[in-house]
Structure formats: C-alpha cells, structure tokens
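The structures come next, written out as structure tokens.
Okay, so chain A shows up in both of these, paired with chain B first and chain C after.
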Partner chain A sequence: MGIKNRLKTGIQKNLNQKYIKRLLGIIATKPVLYAYGSTFPTISDKYLNIFTIESLKKAYSDNSHPVGYGSLFLPYEMFHALGITPFLPEVMAGFTAGLGLAPQTLKEASSNWYSQDLCTFHRSASGASELDVFPRPDFIITTNLACDAAQKSFYIHSVKYDIEKNFYLIDVPYRYSKESIRYLTAQIKNICMDICSKTGKKFDISMFKEVIDLSNEFRKWAIEVSILRKTLANYPPYYNGLNFILPFHGLAGTREAVILYKQIYKELKKYSSKEKKENSNKNKQVKRILWLHLKPYYRNEIFDILDRENCRVVFEEINHVYWPELDYEKPFESLAKKMLSHFLVGSIDNRINVILKAARDYRADGAILFSHWGCRQSNGGARIIKDSLKKLNIPTLVLDGDCVDQNNSSQGQVKTRLQGFIEILNSEPK
Partner chain B sequence: MLKEQEITNTIKSKINTTEDFFINTLSSANNRAAVGWFCTYTPEELITAGGFIPVRILGRKKIIKSESYFPINFCPYIKSSWESLLANTGNFKALIFTNSCDGMRRFFDIASRYLDNIPSYLLDVPHLKSKDSVDFFASNISDMKIFIEKLNGKKINEEEIENAVKLINKKRRVLKEYSRIFSKLSHLIYISTYYKVMELSMVSEPGIFIDDLEKYLKFIGEVSTENEISSQSNYKDSPAIMIIGNFIAEEKLWEMLSTMNFKLASDDLCISNRYFEKQVEPDNNTDLLESIAERYLNKPQCMRMADMGSKLAEIENNIVKNNIRGVIFISLKFCDNMLYSFPLLKQKLNEMGVPVLYLEIECNNFSEGQLKTRVQAFLEML
Partner chain C sequence: MYTCGIDVGSVSTEVVILDSKYNKIASYVIAPTGSDSKNAAREAFDSSLKQAGLTDNDVKAIVATGYGRINIPFADKNITEISCHARGAISLFPDLKTVIDIGGQDSKVIKLEGGNPIDFLMNDKCAAGTGRFLEVMARAMEINLEEFAPIFIKTTDKVDITSTCTVFAESEIVSLIGQGVDKNKIIKGLIYSIADRITSMIERLGLEEPVCMTGGVAKNMGMVKALEEKLGVKINIPDEPQITGALGAAYLAQNIH
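Take a look at the complex of A and B:
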C-alpha cells in the first residue's frame, strides 16, 4: 500500500482532530513533507500539496495564530494582512470526498437535521464540524457571493463554537455601482478594524501593501497561465485545472500562490514548446472541452473517459481571473471591487459573458456543466447557459452528479451520458 | 345547548363564506394595470404610488412547461409562478423580483430572457440591517422607483409616495387586527379562511380590499358580541400550535389543518406576519424612501437575512408569549434558507422543551393522507 493510501485508510479509521494533528505533525516536517512531495508527478502538484499541508498544519496548531473560517469567494488578502490563518470548510469538504470520509461526515450532518437536499460541500463540512474534526475558529467570515449556503452554514459553525460575535457576513450587492462599492468597502474596512480590536493588534497598512503586491503578482501569473492555455491542445499528464481552488482563493496574497502559479506557467510553457516541436496531427483531432462549475472530488472516471476519447478540458470557468489589479493605496476599496467583479455576482449575464468569451478564446468544441446536486445558483442557470452556447454552435452537456457524495451520483449514468455527448462532438464537423 | 350550537354553526358558515364579504375586491380584479411581485421585501408603496396595483404572483399552476427551464430540485413556488406567467401574463405591466435567494435570482434571469413583452426588475435587498444597509437599500428603492416611472412615463412625486405609505400602512394595520381577531375567535374562523383573506390582501387593489376587510371584521365583531360567543370556547383542551414556514399558500393544506383539533396561536410565514407586521414610520428628518427601507429591513425577517440569532429570538418570544405547545415547521422543498434554519431552530426548541414537526411540501402536489397522519400523530403526542 502506497503512502497516500495508508494516509487515507488511517484517517478513515481515526476521524478525529487528535489524529489529524498527529498526522500533520509527522507529515509536515520538512524531510517527510518533501519525500511525500516527491510522489507527485509534477512540481506544481508537489507545491500544491505541500502548501496545502503547511496551511492546514498552521490552522490545526495550537499556537498564537488566530484561525478564521472563510467561505470560498472571500478576498483572502484580508486574512493574510490581518495575520489570520484561513481555514476553508468548503475546500475541506472536497478533501472529505477525496479521502473517503464523506460517508461519515454526511451521516453526522443528517443526524443533526441537515436536509439531504442541501449542497454536500456544506453538509459534509457541517458534519465534520459536528464531529469536531475541524480546528476551533477564532473568527468566521463568510459572504453571500455566489450562493446562500455559506452564510447560513457558517453561522451554524459560529453557534457551535459560541463565537456569534466574531461571525461576519460580507453582504455583496447585486449590481456593480458606486453605491455598491461604497457599501462593500465600508463593510470590509469595519470587519478588519473590528478584528484588529479583538486581537489587540494595531491595524498595519504596510502588511496590506505587501499582501496586495503579492496578490497582484499571483494575478499576473494566473493571467499568464490562462493566456498560455489558449494555445495548448494538450496537457501534461495529471494536469487538472480544477485542483487549484484553494490557492486561487485561499492563498491569494501569499508568496506560495506566486510560486505555484509561476511554476504552473513554466510547466505549461515547456509542454507547449514540446507540443509545437512535435506538431502532431493527433492534437488536431482533440476535442476541446470547456468545463463549467466544479468536479467530483472522489475517485471517478470522468476525466479518464474524456482522456480515452481524446477530449481535453481546455479551460475551467473557475480559473477565470475576474478581478482588476488591486490598488494598495486603496486596499479596502480594491477588495470590494474584487468581490463585485466576480462573475457569479448579479445577473447570469455576467457568467454567460465569461463563458462565451472562454468558449471563443479556447476554441471549445463542447461544454460540460457539472450539475452538482443542490447548487441552485449554478444549476438554475443551466438552461440559459445551454441556449447561449447553442448560438455559438457549441453543445453543452449538463452532467448531473454530486461533487462530494459518491452515493448521490450514478457512475453508470455519468458514463453513458458522457459517451453520448462525445458521440455528438465527434459527429460535429471540426 | 343544541340551539346554541346551531347558532354558532350558522355564524361560522357565514364568516367562512368570504366571497360574500369581498365582492368588491373580487369584482375589481383585472380592472387596472398591475405590477407583479413575489417576495415580502418588495415595497408595495412604490408600485401603488406609480399608479399600479401590486399583485403578488401566487403560483397556482401545475408545473409542466417550467420543468424545462429549471432543474428538478428547484423551488416549487418559482416553478409554479413561472408556469403561471408562461400561461398568461394578464394585466401585468412589469414584474419586480428581489435577490431574496439563489432561486429568485435565477428566476429573474429566466423571466428577463424568455418573457418577451413584460419588463422585469430585480430589487437588491441587503442581508444586513445596519444603518449602512438601510441607506443602501433606500438607494436601491430609488432605482426601483425610476423603473416604475418608466413604465408609464410619469414621475412619482413625494405626495404620491406619502399617500401610498398611508394606504399600505392602513392595510397592514387592518390585517394585524384581523390576525388578532383570528387568534381570539379561531374556533369561528377556519385556518383556510384566515389565509385566504391574507392572500387576497396581496393580490387586490389595496383601497377596495381595506374597505371590504373592515366590513368583514365589523360583521365578525357584531355577530360574536350579539350571540355572546366567548373566545376560545372550543379550544380549552386543544394545544396551541405555531406554524413556521416560507411561502406556504397551499389551499388544501390549510383546509386539511382546519379540520384538525388544535389552536393556531401564532405563525411566522411569508403570507402572514412577515407581510403585515411593522409600519413605515415617516418622520420629518428622514427621507421617505429611507423610512420605507427601514421598515422592510426590520420587519419580521425571512430566513434569508444574516442575523439568524435575532430570528431565533423572534420565534422564541412568540412561543413564550402565545404559550405554544408545539411547532409545525413547513417548508417548500429545496428552500436552502429554510432548510439551513432548521438545525438551529430544532436545537433552540429542544432547549425550550417544545416539540416540532418537520414537513416539506411542493406546490399543487399535495399528499393529504400522508400529511394528515403525521400531523395527527404529532398532535396526539402533545
């Protein structure tokens, strides 16, 4: 049994905080961590895993760093500037799927009256929280950006840990306007000031400047990666753009995010040069897929099937760099603009514009919208997305499934639907 | 004794034949141009001031065509409302949506794209209740005002808003009085009658409805006094129940509950207290739109608002004040805000020693036998 499987089995049998801490204590020591890192096929994958483990170790350590739970679309620059270690329960729910823990966490959520109709990212995270698997938070910051679920489930976490006074909702307006920027800027500023007064730290603008510089540098490399990907027909083995949610959000404003995205760029550049040299006819036959929404985080066949059938995911909507460069002279306003610029804020037209542009830029032959059970905000737009892409003669597969709960997704059905879709793609003239 | 019962039954029959009391309201439907709305965070005052009748879309159509627009696990109220709009847009000149929830935002997208001849507007409602949120909401209401003005090319002046505020405040006041009388005489007024009148208040010309409701209340007051019908005579041994839910406008459900032995002592619903509680309180130092914004953000809140703590406190107060023995929690299926509120509500009710029955329903697809058995078992347990 390999090191990864041993880790998985160990944690499945001992799903408790003490074991996780012990595990992180061992694995996050430099020699072990780098030995573990060497098991990954690419350096970017190695960095991704090492940075994730280091971030988790910090969140689980009992030292003086305050821990802040955060929902996915927050401007994490504020966490890093305030010296708060971020912990992202929704991302952790993805890990529960990958590590085979979701049956335990979802069961716990059900026994605590979380309906099975709710999103499993939040249900699984809530179950894990109820099982005391997560580290104790000092602050909880969430937002209504994208969906209703985070603000509700995160409030329940705050009650569990008796820190309702340290629960903050960043209320993101529907429209991008001067009034919206003002309203949002004031909220972000007030939250930062309130956290400073609670932690007894003086607000340090120089920390914000440093973090914003790093965030801009990360943004620059993320854009470079996106530009480069437009020219690629193929990808290095194991590359999956859907694996980078944590760094894209949670590490924005850190040196790690810069290192990681620079490395991804290097690897793809090298691959691109190789591709150009070979100029193989094989690549011309590749069907280019635009991936919408997320993917299942448990072991599944989707990407193997696509690979076998010569289909490549050429871009994922979640990797779209949606925000303008941040201005360190106006840190709060910049973060407000970052949030308001997200394509999931406001009308579906914002999302459609991103999707259509990506479909053109990446010369997509087809799109797959992974319809994660219970995600009303995304699935509610499926009809419009499908109709909009149809106007560009791009077929869309709305693939029903569940990103976290393997038992709520029929592998057979997924396979059949994927194969049917691939047949349609192959029948379309290139 | 028998005669007394006969009199009571005759009175009961009259009181519950609401069609006889709301003739003007019912006959005035479709007389004037209307603006459709969906959520209790929509300020009806502005629609009225613009010269339109604010008509809530109730979603009474069986879901058929709308299945192809929304996923299977999506709000049945939205699907049913969309079905109604696809079938007939009647005298609607526009639709006003709110960003109440994920579902409603996507509903607005669908309506904007696929409903060709009727303009739609989405009012941005904050999730917080701070002073900044009130100011921000006031500016959004001002934007909505411009949308309404464009519908008939006429500016809405201050006086028209003031008059609309007075009118809608009066409607709320009379509805509150009706709610008080219902609690007092709930053995005479069926649960189904109570909610039927509440629904009527949301789809009718406000002035005509107020007149009819006042006459109706006067009648109830007179017959109950003349016949010395004491309050709650039939409810001595019936448990006091509170119903908590979202947009529950299921006639068959209310009819079923009307036949069961309990007293509906309090509710927390989109078609009841969340609609009529709290007045707009204009004052000379505050902009009128700000007063409106303040009322809407501070009325009994929907589960969508951020502060679940104050919502739970609101419910707790109602339970204590009305001596509630059991809570029936009814949610339309797939309502995330409601479903996420349940774990905390359940915890709070456990602490208070109040049992709760959890029900989920769909629109126009009501399994009476199953629900009746569950409610009966719950009442027996109490």
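Take a look at the complex of A and C:
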C-alpha cells in the first residue's frame, strides 16, 4: 500500500484531532514531507501538497500563531499580515471528500440537525467540527459574498468554541461604488484593529507591505498562467486547475503562492513548447471545455472520461483573476476593492460577462456547469448562463451532482450525461 | 451488410439487426434484462441472428447503448441512449425536432437540429416520471398496466396525485383506495402526474415540432394522449417505439470502419 493510501486508511479509522496532529507531526517533518512530495507527478503538485500540509500543521499546532477560520471569498492577505494562520473549513470539506471521510462527517452533521438541504461543503465541515476534528479557532471571519451558508454555519462554529466575540462577518454591498468601497474599507480596517487589540499586537501598516507585494506577485503569475492557457490544447498529465482553490484564496499574500504559480507557469510553458513541436492537427481535434463552478472532490470518473474522449478543460471560471493590483499604501481599500471586484458580487450579468469572455478567449467548444447540490448562488444562474453561451453557439451541460457527498448522485447517471454531451460536441452536421 | 444495435435497459433489452444495404430492419428482439444484463444481451442478440437467418460473421459492427452499454463485451462501441434514440427517431421521422423517451428507469427529452441532438435533459434521480413508476402503481392497484390506456381515455375526472416519490405515491394511492376513491380517477391522475413532469422538462428545452415519443411507455396511448393534451401538439409514435434506441444504435454502427 502506497503512502497516500496508508494515510487515507489511517485517518478513516481514526478520525480524531489527536490522530491528525500526530499524523501531521510525522508527515510534516522534512524528510517525510519531501518523500511524500516526490510521489506527486509534477513539481507544482508536490508544492501544492507540501504547502497544504505545512499550513495545516501550523493550524493544528498548539503553540503556534492564532488560528482563524475563514470562508472562501475573503482577502486572506489580512490573515497573513496579522499573523493569523488561516484554516478554511470549506476547503477542508473538499479534503473530507477526497480522503473518503465525508460519509462520517455528513452523518455527524445530520445527527446534529444540519439540514440535508444545506450545501455539503458546509455540512461536512460542520460535521467535522462537531467531531472535534478541526483545530480550535481563535477568530472566525466570514462574508456574505456569494455564499449564504457560510455566514450561518461559521457562526455556529463560533458558538461551539465560545468565541462569538471573535466572529466577524464582512458585509459586501451588492454594487461596486465609491460608497461601497468606503463601507467595506471601514469594516476590514475595524476587524484588523480589533484583532490586533485582542492579540496584543500593535497595529502597524507596514505589516501589510510584504504581504501586499507577495499578493501582487502571485497575481502576476496567476495572470501569466491564464494567458498561457489560452494557447494550450493539452496539459501535463494530472493537471487540474480545479485543485488550486486553497492557494488561489487562502495563500494569497504568501511566498508559497508565488512559488506555486511560478512553477505552474514553468510547467505549462514547457508543455506548450513541446505541444508546438507536435502535430498541430492532433490538437485541432481536441474539444475545448470551459468549466464552471467546482468539481467533485471524491474519486470520480469525470476527468478520465473527458480525457479519454479527447476533451480538455481549457479554463475554469474559479481561476479568473478578478481583482486589480493591490496598493500597499492603501491596504484596506485595496482589499475592499478586491472583494467588490469579484464576479459573484452583484448582478448575474457580472458572472456572465466573465464566462462569455473566457469562452471567447479560450475558444471553448462547450461548457460544463457542475451544479453542486445546495449551492444556490451558482445554480440559480444556470438557465441564463446556458442561454448566454448558446448565443455564442457554445452548448452547455448543466451537470447535477455534489462536490462532497458521493452518495448524492449516481456515477452512472453522471457518466451518461457527460458522454451524451461529448457526443453532441462531436456530432457532424447531417 | 448488416449492423446491430443493442439497447440494454433496466427492464428490457432490445436488439435490432439492420440490413444496411436497404436500411431495413432484418430482425428485432425485445427481451427482459433480468439480473444478468450481459447474458440477456447475448441471448437477445443470438435470438435476433436466428430470426434473421444470420450468423455473427454477417454482422459488420455492433453498437451497445442503454444503462448496460458498457458491459457488452462483443459490442464494437458503446454510445449513449441520447444519441441512439435521436438517431433511431430521425430514421423514422426525418424532420424531427423533439424526442421524448420514457423508459423503465429514466425519462429524457432530446432536442434536435438538422438531425443531430443539440441538447437534452434526463430525469433519472428517482423513478418518478418513468415506466417503473407506472408499473409500481399498477401493482399497488392490482390492475394490469395494459388497462391504463383504455381507462384513461374513457374516464373524464381525475384525482391529483401529489407525491413525486414512488414509494410515497404508492402509499397515497393505497390510502385513496382505502377512502373508496374510484380507481379509474386515480389512474387518470397518475398519468397526468407523469405528463406534468415530462412537460416541464420539454418546456425547459423549448418545445419544437415535429415531436416523437419513444421507449416502452410510448405504447401506452393514455400517456401519449395526456402529453398531447398538455403540450397541444401531435406526437408521432413509431410502430414499435421500444426498439428506437437499438435501431439508432444499429444506424450508428454503420459509421464504424
């Protein structure tokens, strides 16, 4: 049994914090970590896994920095500037799916009155929290940006750990305006000041300097990756742009994010040169897929089928760099602008514009919208997104499923829909 | 030259052998799938060969479709029911724009343009809106499924069935019977409830004529009439709607070189 399977089986049998801490203690020692890292097919994958483990070790460590739970769409630069170790329960829910733990965490959530109707990212995370699998948070920061479940379920975490006074909700206004920027800037500033007063740290604006510089550097490489991908038809084996949610959000403002995205760029660049040398006719046959929303994080056949049928995901909506460069002299305002620039803020037209531009830029032949159970912010727009893409003659498959709970859809049904869609993409006019 | 299509569904397996020179059906077989779909497919294929007076070697290519399509080792290729039903229906009604297929396990609506499927919707989350739903209800009422159509046509009034879950709908029916409600009205209500679900799928894709209905449930004229009434269009029904998927598969097998 390989190291990954041993890890998976071990954690499935011993789903408790003590075991996780012990496991992280072993795996996050340099020799083991690098041995573990070398089991991944690419250096970027290795970095992704090593950085994730190091970040988790820090969060689970008893004598480390304060731990802050955060929801997905926060500007994590504020965490890093304040010296708070971010812990993202929604991302962890993805891990529960990947490690085969979701049946246990979802069952626990169900036993604790979490509705079946609640998105499984939050349900699984809440179940894990109820099982005391997560590290104890010192602060919890969430937002109403896009997701309605986060603000409620994260508050429940604060009640569980008796830290309601350290719970912060960032209220993002519906429209981008000067007034909205002022309103949001004040909130972010107040939260940072409040956290500083609670941690006993004297607030100094210079603590943002390095973080903002690193965030801009990461942004630059993320844009380079996006530009390069416009020309690519094939990808290195196992490359999946949907795996980079943690670094794209949680590591923004760290050296790790810069190293990772620089490496992704290098690998894709190398592959792009290789691709140019090969027969370009082969690449013409590839069907280019634009992926909307997330993917299932448990073992599934979706990407194997796409691969087998010569379909490549050429871009993912979630990897769109939506925010402008940050200004370290105005850190709070910059972070406010970052949040307000998100395409899920405001009208569905903002999201559609991003999707249509990506469809044109990446010359998509088709789009797949993975309709994750309970995710109303995404599923609510399915019809209008499908209709908008249709105007560009791009067919869209709205693939109903669940990113975390593998029992919420049948693999066979997903397969039939996917294959049927690919057959449509490949059909020749009669 | 002959090609073959095999449609392995949850309830039945259909085989069509197509004489590709004349695009005519040489033979077809409809058999229960049972618990061993691989074996059911082989037996139905053998029986179809026998009926046409052919041997394995006479068949140039075989395409498998249906939920059991990946489990047919002697098939050359597997293609989804979406493409196969569309192709089969187009071979019978060339200008078709919409195909409604209600099978034992799922129901689907396929939108066509220029003879090609361009979009589809499937309801296979549960048995609601499928042939299985009708079967379960017929059993609960102790009435043969074949009697549903004449009852639907002659009955003027209906009782609404509100449960979408097959198990709950069955309980609802048992309870209605217990209350002394006329079974004919229940049957009328049942058929309308399926028609409502299918109509909603069609409307999501946008109804365009001509429309054709395939699959085993298309043999139930009550269901066809209910849908025609809800949609306000005439629905074309193949002579043997149950073999449309297999027929389409046999046509698509002609493309295998």
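Here, the second predicted complex is superposed on the first by the 424 of 430 C-alpha atoms of A that agree within 3 Å, B and C clash if a C-alpha of one lies under 4 Å from a C-alpha of the other, contacts with A are read in each partner's own complex, and residues count from 1 in each chain.
One rule holds in what follows: contacts are C-beta pairs under 8 Å (C-beta built on N, C-alpha and C of every residue); 3 or more make two chains touch, one makes a residue touch a chain.
Every value quoted in this text rests on a predicted model; they were computed, and no experiment measured them.
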Between chain B (first) and chain C (second), which, if any, makes contact with A:S427: first, second, both or neither? second
Return the chain, chain B or chain C, that is in touch with more residues of chain A. B
Under the stated touch criterion, which partner chain does A:N216 make contact with: chain B (first), chain C (second), both, or neither? neither
Which superposed partner A:T96 touches (first chain B, second chain C, both, neither): neither
Kindly classify A:N166 by the partners it touches after superposition: chain B alone (first), chain C alone (second), both, or neither? neither
After the superposition on A, what does A:D148 contact: first (chain B), second (chain C), both or neither? first
Have a look at where A:N300 lands relative to chain B and chain C in the superposition and call it first, second, both or neither. neither
Touch check for A:Q413: first (chain B), second (chain C), both, or neither? second
Name the contact category of A:S124: first (chain B only), second (chain C only), both, or neither. neither
Identify the overlap between the chain B-contacting and the chain C-contacting residues of chain A. 383
In the complex formed with chain A, which residues of chain B make contact? 68-71, 73-75, 99, 101-103, 105-110, 112-113, 122, 124, 126-128, 132-133, 136, 139-140, 303-304, 306, 308-309, 333-334, 336-337, 339-344, 346-347, 358, 360
In the complex, go through chain A and note every residue touching chain C. 383, 395, 400, 410, 412-413, 416-417, 419-420, 423-424, 427-430
Per the contact definition, I'd like the list of chain C residues that touch chain A in the complex. 67, 79-83, 106, 114-120, 122, 124-125, 204
Along chain A, where are the residues that touch chain B in the complex? 112-115, 117-119, 122, 126, 144, 147-149, 151-153, 155-156, 159, 164, 169, 171, 173-175, 179-180, 183, 186-187, 347-349, 371, 373-374, 376-377, 379-384
